[in-house]
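Two complexes come next, and they have one chain in common, chain A, joined by chain B in the first and chain C in the second.
The block that comes next holds the complex of A and B.
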């Protein structure tokens, strides 16, 4: 139950186990990281399995879930500390129990990426195939421990591959689709800084560069397929001591595929609120104009 | 005059959208749905599929970004997992089955096809190859997803431009709350608000009010065979309660004109209607004229009436001497 208190109640319904084939999209900007929410999402899924005999047994989310985290820009040590700090969950222990696995492409980058095959169609093909192999093998390992558990795939900043000019947006989108079809549900974490989305503008002043086009195309497509989009950004009026940023939760293009009634019951409605990440890692979400403690 | 016109337009355009959505008389062989992050086209596609099933039209859903279809009893082709040749053949095969039956071919997104180098140039040809007298095509295109220019020819038009030329009906989807917000701003002569990506704020992907739960607004452009275009804005209520709709569907059209929606209808025309019909009875004073009053008013000769008839040159002074006026010859001579 202690883990429950670490998640602000307003956003708790969004961080539960998503329904089958659903996609959640987390976006952040350079000045505002969304990782406080993603670590809570991961920790929540791992702990919910532990509460199996607990109070929430009537909930579907209680069914055993595991997290397969694929990280491109952060290493295992980072995730370990962050998940422990924010949720008090030991990732190593969860990994031993077969409830958590990490594919660390930062520490062990795919060999095809080093080979300089980026850009060409053949290099792109080899890179994606190699990454898919290592992700699927981790998935098999999770399945071997407990085949009944629902595996949630979390992709941390796959858009870095676009920035590296290693793959094109349609191939990366197809790669994500292929992975999504093999797991229960998934989440994608992306950067949504203004330059990365500039190309999505209907009439850009300057013709966008290929990388701008690719990142925007990828992010927009993910948002079209997402059930919910959770995006954080800096406060319009600049930095503040008691506000870390603005949190916006909106319905993605695929919010229509599951039952409205279910969403309403779960309290999944769009919202915009301010949040503050305190020094001790506790996060508070509150409305504009209301006091921080609310 | 105006209400009659409006009535005519309403009847005509409601019949038209009903014909298009129900796929009657092959009204539109190629329907292009342009959607955005602010309003997804998925509920509209769902509406098409639902109606197709009611009228026994076979639905073939070609998926380029959907893993599992939310609709039952339809032919599902996961094209994203296959090469072009494979899924092209799959479509051709499923079109051959019961070739006399009417079919609806649905593409959930043309974006990946229009940006992939192998298909972008021949996309119009590829799509039109599927269209036949018994098969109509419904395709969704996300307008806010930019086309990768990596392998593209900078001088040829973008695939979506070509598709717009090809399409017999183009439906652009809008979020109802955004349409209302824009209208409210227009009525106050304010700058209409932007939403989502157009807000221009760093970190915003979608606007608040995007993908409304209950309804969406359709902006339709239909090209008739004669070439004349029909444009209209519609309001489509969306309900996940599929069974309830099917039974009521056969009797009543759920789509209405956007102007007829109570939350959208503008106030001024309503007021004008009030004064024309029941305005007189709402006051204790008689503001009208009797026949005699009218006749008398017409009979009044206005002062200087003869000056208005013309035929008089320049600044002539019209003055009738009164009895109290003292005529002075000397003054007049000066």
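The block that comes next holds the complex of A and C.
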């Protein structure tokens, strides 16, 4: 089974190598995880370079691409199983070929994170500097293998740092921007539950707590910087037995309007659809009202 | 697929060396493979809770379960006690977090005892088993491929019959007290009101996990976290509480074959709409919410007396909502897929003998004789759309 068939055709254009400096934002909610899309994104990037057929439809992605995954809430074993399960790609093999690297901040947290420096300016700076060092050293290892390849940075839930009160939203955004400047393009995965966004409301009902303000600020800023936002959420009417959730693809704040024509040609159109993740890992995306798998 | 050596009589050798894919999990009591994947699961001590955890028929090792409860009742405490008692019966290491040794001692002493009369109940299914052809039992209960509803496997699941006489999940009696065996491994972790009260928990846990042999199963029990009655006030600060959950998640991933934990969280002071609780939920693997009914429904009690359709049924004491399931939600399945209980209307009933979770349905309107008679025959399952 080629990697093509594992990705629903509707969303396939979004999971290709993003153009230079672009940012993709993936958001999930508590009951609806977006990981099925991110593992496909990662697997797609790793295989497209290897797959000769993949090249023809993608003029720009002829040069090989590599993925640098930085994970704060999931560990390497999780990503390894899920990428293999959903895409049939062995990330260990890709890692040996210099096409994949993982910085696991869950199992090996930065020493300044648990030290209790949380909140203070000095602690924040030390933490960000330490994380940047580990990420940059992994990046250099990837570059050493193949300097020409385009490295895509995937940040998995960096917003947990805000929840841990380890950094403030502006510093985290600066940190992300700094990392983005060193790679070809990047993707950020965030949690976008209603309580975490309530503070961005014009007139919140209850005064927001600092943690809510910070997450809302970071998330909104990333959405403004993103080229595309892929968000999944629960059905408004509650869970259903044949629908996993609602998928929404919208342009982010930094999508240029003059690119519209080209994007339409590439199949990058805004859409809202339903999706179902089956137990065997197969995903189907379908419109409201149409039958499953149509 | 030759998963069994040829020329060996099936059933003679229950545990052939070399052919077992997960030899490390076999020696531990109270562990069996999930019916959906190879990851082992353990029992929460409540059979109906095991059944709603996404079709794995147990709590996957390496996951945490956060049980939230609104109101002033302590139904979640019952679930927590069953979970701890089940662990003690299987010889798992119990890590109990509490404000002091005296408090945790008292908590352990109050654990419910096992329901007796088990011998008579068990005799029947065992007899039935011998007649059945012995196909691998984990496939046997899967039903047809692609089936939407998982068959009820509680009857067809004698996971214990091959290896030990201990059942996978015991029934407990809240009025009895569990006799703690002298060799029970209980690690009391006391919370000191320091500036970082939860650091000691993580330290003690990782020390114990590191030093124990590979087959030992650990259970972490955290009663009513954040409740100001037991915990120092600064526990609720995000950098302490969420940091603790983040470190705990790291430990759970590291020891994903030997460690589970269950936490209960009262929602009265920390509602689910707050960012703090939402982050706690994101950092946990499974999230359940109990919403007890404000008072036992008087109307339905009178219905029982009048011989309504639910006369021999126990009245539900509250609603149970599943917000997140271990493993399945991370994979993005949501409510889809057999056995995923998210979005179901579930109700729970606690009685002396059991904690039962079942689909909730409203009783028929009093006085509607026709409907009451029919209600006995038509259940929700029978209605096809």
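What we mean here is this: the second predicted complex is superposed on the first by the 284 of 294 C-alpha atoms of A that agree within 3 Å, B and C clash if a C-alpha of one lies under 4 Å from a C-alpha of the other, contacts with A are read in each partner's own complex, and residues count from 1 in each chain.
Rule of thumb we're sticking to: a residue touches a chain if its C-beta (ideal position, glycine included) is under 8 Å from a C-beta of that chain, and two chains touch if they have at least 3 such contacts.
These numbers come from a predicted model, not from an experiment.
Steric overlap between chain B and chain C is absent once the structures are superposed on chain A; the two fit side by side. In the superposition on chain A, A:12 contacts neither chain B nor chain C. In the superposed pair of complexes, A:32 makes contact with chain B and with chain C alike. Once chain A of one complex is fitted onto chain A of the other, the partner contacts of A:232 extend to both chain B and chain C. Within the superposed three-chain model, A:107 lies in touch with chain C and out of touch with chain B [touch as defined at top].
Looking at the shared chain after the overlay, A:201 reaches chain B, while chain C stays out of its contact range. By the touch criterion stated above, A:164 is placed in contact with chain C alone, chain B being left untouched. When the two structures are aligned on the shared chain, A:193 is found in touch with chain B and with chain C.
Of all C-alpha pairs linking chain B and chain C after the chain A fit, the shortest spans 11 Å. Once both structures are placed on chain A, chain A residues 32, 193-194, 208, 232, 234 are touched by chain B and, in the other complex, by chain C. For chain A in complex with chain B, the touching residues are 20-21, 25, 27-29, 32, 168-170, 173-174, 177-178, 180-181, 192-194, 197, 199-202, 208, 210, 213-214, 216-217, 219-221, 223-225, 229, 231-234, 236, 246, 248, 250-261, 270, 272.
Only residues 36, 148, 195-196, 199, 237-239, 242-243, 246-247, 249-250, 253-254, 256, 272-279, 281-283, 287, 323-324, 329-338, 340, 342-344 of chain C touch chain A when the two sit together in their complex.
Residues 30-37, 73-75, 77-78, 82, 106-107, 109, 114, 116, 118-119, 160, 163-166, 191, 193-196, 198, 206, 208-209, 211-212, 215, 232, 234, 238-245, 276-279, 281, 283 of chain A are the ones touching chain C in the complex.
Per the touch definition, chain B reaches chain A in the complex via residues 35, 37, 40, 42-43, 46, 65-68, 70, 80-81, 109, 111-112, 115-116, 142-150, 197-198, 200-211, 213, 238, 240.
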